[in-house]
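Per-chain residue numbering starts at 1, and chain names A, B and C are given in the order in which the chains are listed.
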Amino acid sequence: MIRFLLRRLTSSLFVLAGVSVITFWLARLIPSDVAAIYIGPRARPEQIERVREQLGLNEGLITQYLVYMRDMLAGDWGSSIATKRPVLDEILLRLPATLELIVAAMLIALPVGLVLGMLSARWQGRPIDMGVRIVSIVGVSLPAFFLGLLLQILFFRSLDVLPLSGRVDSDLRFVSPIDTVTGVYIVDAAVTGNWSALRDVAWHLILPAITLAAYPIGLISRMTRSAMLESLGKDYIRMARAYGLRERYIVSRLALRNAMVPVLTVIGLTLAYLLTGTFFVEIVFNWPGLGTFAVRSILATDYPAIMGIALFGAAAYVVINLVVDLAQAWVDPRIRLT
Amino acid sequence: MVTPPGPVSEPVLRIRDLRVRFRTPGRRVTAVSGIDLDVGQGEILGVVGETGCGKTVTGLSVLGLLPDTAEVEAAELRLLGRDLTSLTDDQWRGLRGTDVAMVFQNPTGSFNPVFTIGAQMRDVLAAHDGLKGRAAAARIHEVLTACAMPDPDRVIGSYPHQLSGGMLQRAMLALALLSRPKLLVADEPTTALDVTIAAQILELILGLQREMGFSVLFITHDLGVVRRVCSRVAVLYAGRVVETAGTADLFRAPQHPYTRGLIAAVPRTHRAAGALATIRGSVPPDPGAIVGCAFRERCELAIERCATERPELRSLVGGQRVACHVATDEAGATVAER
Amino acid sequence: MAATYNQLPSVISERPGFARRAARAIAHDWLALFGLVIIAVVVVAALIGPLLAPSPGDGAGVINVDERMLPPSLAYPFGTDWLGRDMLTRVILGARIALQVSLIVVGLAILIGVPLGAIAGYRRGWLDGLIMRITDLFLAFPPLLLAMAIVAALGPGLQNATLALVVSWWPWYARLARGLAVSLREWPFVDASRAMGIRESSIILRHIVPNSLGPIVVQATIDIGTVILAAGGLAFIGLGARPPAPDWGLMVAEGRQYILEQWWLSTFPGLAIFFTVLAFNLVGDLLLRLLDPRQED
């Protein structure tokens, strides 16, 4: 298992290095003059030239890349053109909000997806199978940004039970402000016993989390169903039945564990989807997280910020894949040999 | 070769007129159309036939393992005197693995790849005897040793992919013997194994049977194996029993034309090679639709009666039973006992 | 992105009566039929939309101030927008943009990815390693993130968005094709052909390609839908088609500020995206079941 871990780690590092090359190269693709943008529109040519020297833009490409890597690893990801603050700081500042949303979405999608998939496989051909199939395919076909709008119309406009947008009510800041422990409001409120804030934050979290969870539910339930069906058809399941084991045990433990390998792959894909899906949901719900920051940076052509986010997203994905690989190896011992 | 046991009391397995049909989209396929079988106490009964003759289906029906699309009817289907035709799911679960146990053809695929051998054996013990912990471990160790497994402790902690086919088959035998069944249904246990390993497994089965006294329903297509291991044989063709006899009698003086053809078809190396003897024609696709004798089309001795009247199993003077008009006419059969 | 179909393909030529089986499968499965009907509607709208739409001028920025913000009615089934344009017309015209983008993206992704992947999988060796490393790099980015970064670098617009999507998509087909090639080259008849000395190009053309078509077609069908979703998303955040193009994603974004009162502005384009993608997913599902006997219930 250790050897497997080491193998996966080294290949992850290579991928990260490759990703950094791509983001570096993408940044160089930018047709306009970075130095000019950085200093502003009224700079004189000599000032632009000085900035260019400062930013090291006159050096060779390899040197620039090495400098880029050195800075990257030291935590200097450049400064945002829009806010003038370090990109890494900006990212880390907004990360908790996005994490709150992503985790909430996963906490909904994972159990729902797994259960629906298992039910669908167990009762194959019956009405519940058809029902789950419809839910899956609808989940996978709905654009997240559209679903968000629909939910807003339904639950805010028509039913008026849930808030429209944002993470908390703005009044809350005065009435019962949340002490920052982790930056994740729902955790902070719970940990500090701030119950009114907790309720408010939870309320705000519901619609965006559900919106974000729709596509994952579709993917996970579909893969769980097909993997479970494949597993349930195998000889070892027949042998388990031949020895009188209970059907529920056979389905939920013996068959499921075998199905988990492809399901874990899908979970990895789901997390990857969440990384960018959150952009759309955050925009629709005015959620002040990385997604909103990313979209705003893109529209403002804030290149350091964009590249920083791209690198961050890719790094997060590499970590996710590593964790998925490890989980698969833990579930299925045959994978440890690869 | 083993001498047939003397007359005993209640047979362990008693089957009369077993019929199994499968519902496929559009029509019904008959797999078994009227099988009579007895397995006495301490007896190894061989069930021999080509692929598709219904031998595996018969074996599965003894454990109730046929899929939902199967319709099973029988005048009598008794295991240890108990009627199997109207059992509930719970009742089936109670006797699987305890009174009767099945050993399958494909040892590698029959074990769950993501759990250790020991874990899978513990599951069976926990489901029936309620044995846990040290008692369970002791029992597992005991059966593995009885099955001549080298290094039982290593096997208990191993995953199926880490063991060879021969070791897995021993493990499967051990699993079958965990709860001391009275009847072992062995479905082609050596077909997937190397010749030398197969011989070891056969010896093992013989030895275990001598020691523990259980009965065996030994399903195979290999006459050589039958000769080695079985005390009595039932020959199946197209879902029907065409002949039953003590092993020695069967090979010395086969009565049914099909049996004769089978035995003649085994290539012999000590005689000069001529053309290989074959039975012309092929197995009929839907046995249930046949009027008269199923073997008629391929039989050289067929008479008019064979086309219209289905031959019943009748006893001959020597104790053999044959379902053939020609054979019983010739031998002046006594009336069939049922 | 939808999960990639990567199971062993059945040999299409060995299954007789494909058309008959297809017809029977569709008749049994009303969902698939529903999907086919919607695709037909969308294709018709894309092909002859300007002829069918009630007010074709509205797609190109005709302004009709008297008819602003009208809710759905008999005269304007989908209502009108803030410039008085007929929403039904705009939605119909949007079909062409959606299908064009997705067909180009999927088509180019296949043209680039499949040959690369097939060569990598069939030849193995250092070429395989190289191509796979490159695809791994592209696939290391979460879906759409790379596309967004590319559009950010090149500037927003439908063409750049399309290009960005092609760059993001081709690795999936390379990986799919490679997987197929790797498993197919182990098949007995391929082995036998090689042993008999048949030319490699002949083997590839007569055996590998026809047997790979199935999974690729299934993936492509589903991907047409997925690309429409992605392009819609890009347009929604302003990275795709520019106004006044009748792009569905763009329309949803434009209608968003009026969402609480004039709900029809975002709803109908959004539904158009939803039903189109749904249809392609349903048909892709149907193809999946037809081509792989193991998937049949």
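Here, a contact is a pair of C-beta atoms (placed from the backbone, for glycine too) under 8 Å apart; a residue touches a chain by one contact, two chains touch by 3 or more.
Since we're looking at a predicted model, the values are computed, not measured.
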Remark   = Between chain B and chain C, the fewest touch steps amount to 2
Note = Larger contact count among A-B and A-C belongs to A-C
Query = Just curious, how far off is chain C from chain B if you go by their C-alpha centres, in Å?
reply = 54
Note = Rounded to the nearest Å, the gap separating the Cα centres of chain A and chain B is 56
Whole-Å separation of chain centres (CA-atom averages), chain A against chain C = 23
Note = Residue positions on chain A within touch of chain B in the complex are 234-236, 238-247, 249, 254, 257-258, 331-334
Ask   = What does chain C use to touch chain A in their complex?
value = 1-3, 31, 133, 136-138, 140-146, 148-155, 225, 229, 232-233, 236-239, 249, 252-253, 256, 259-260, 263, 266-267, 270-271, 273-274, 277-278, 281-282, 285, 294-295, 297
Note = Given the complex, residues on chain A that touch chain C span 15, 18-19, 22-23, 26-27, 29-31, 124-125, 133-134, 137-138, 140-146, 149-150, 152-153, 156-157, 219, 222-223, 226, 230, 266, 269, 272-273, 275-276, 279-280, 283-284, 294-295, 297-299, 301, 303, 306-307, 309-310, 313-314, 316-318
Query = What does chain B use to touch chain A in their complex?
reply = 63, 65, 89, 92-98, 101-102, 104, 106, 109-115, 123-124, 127-128, 159, 161, 175
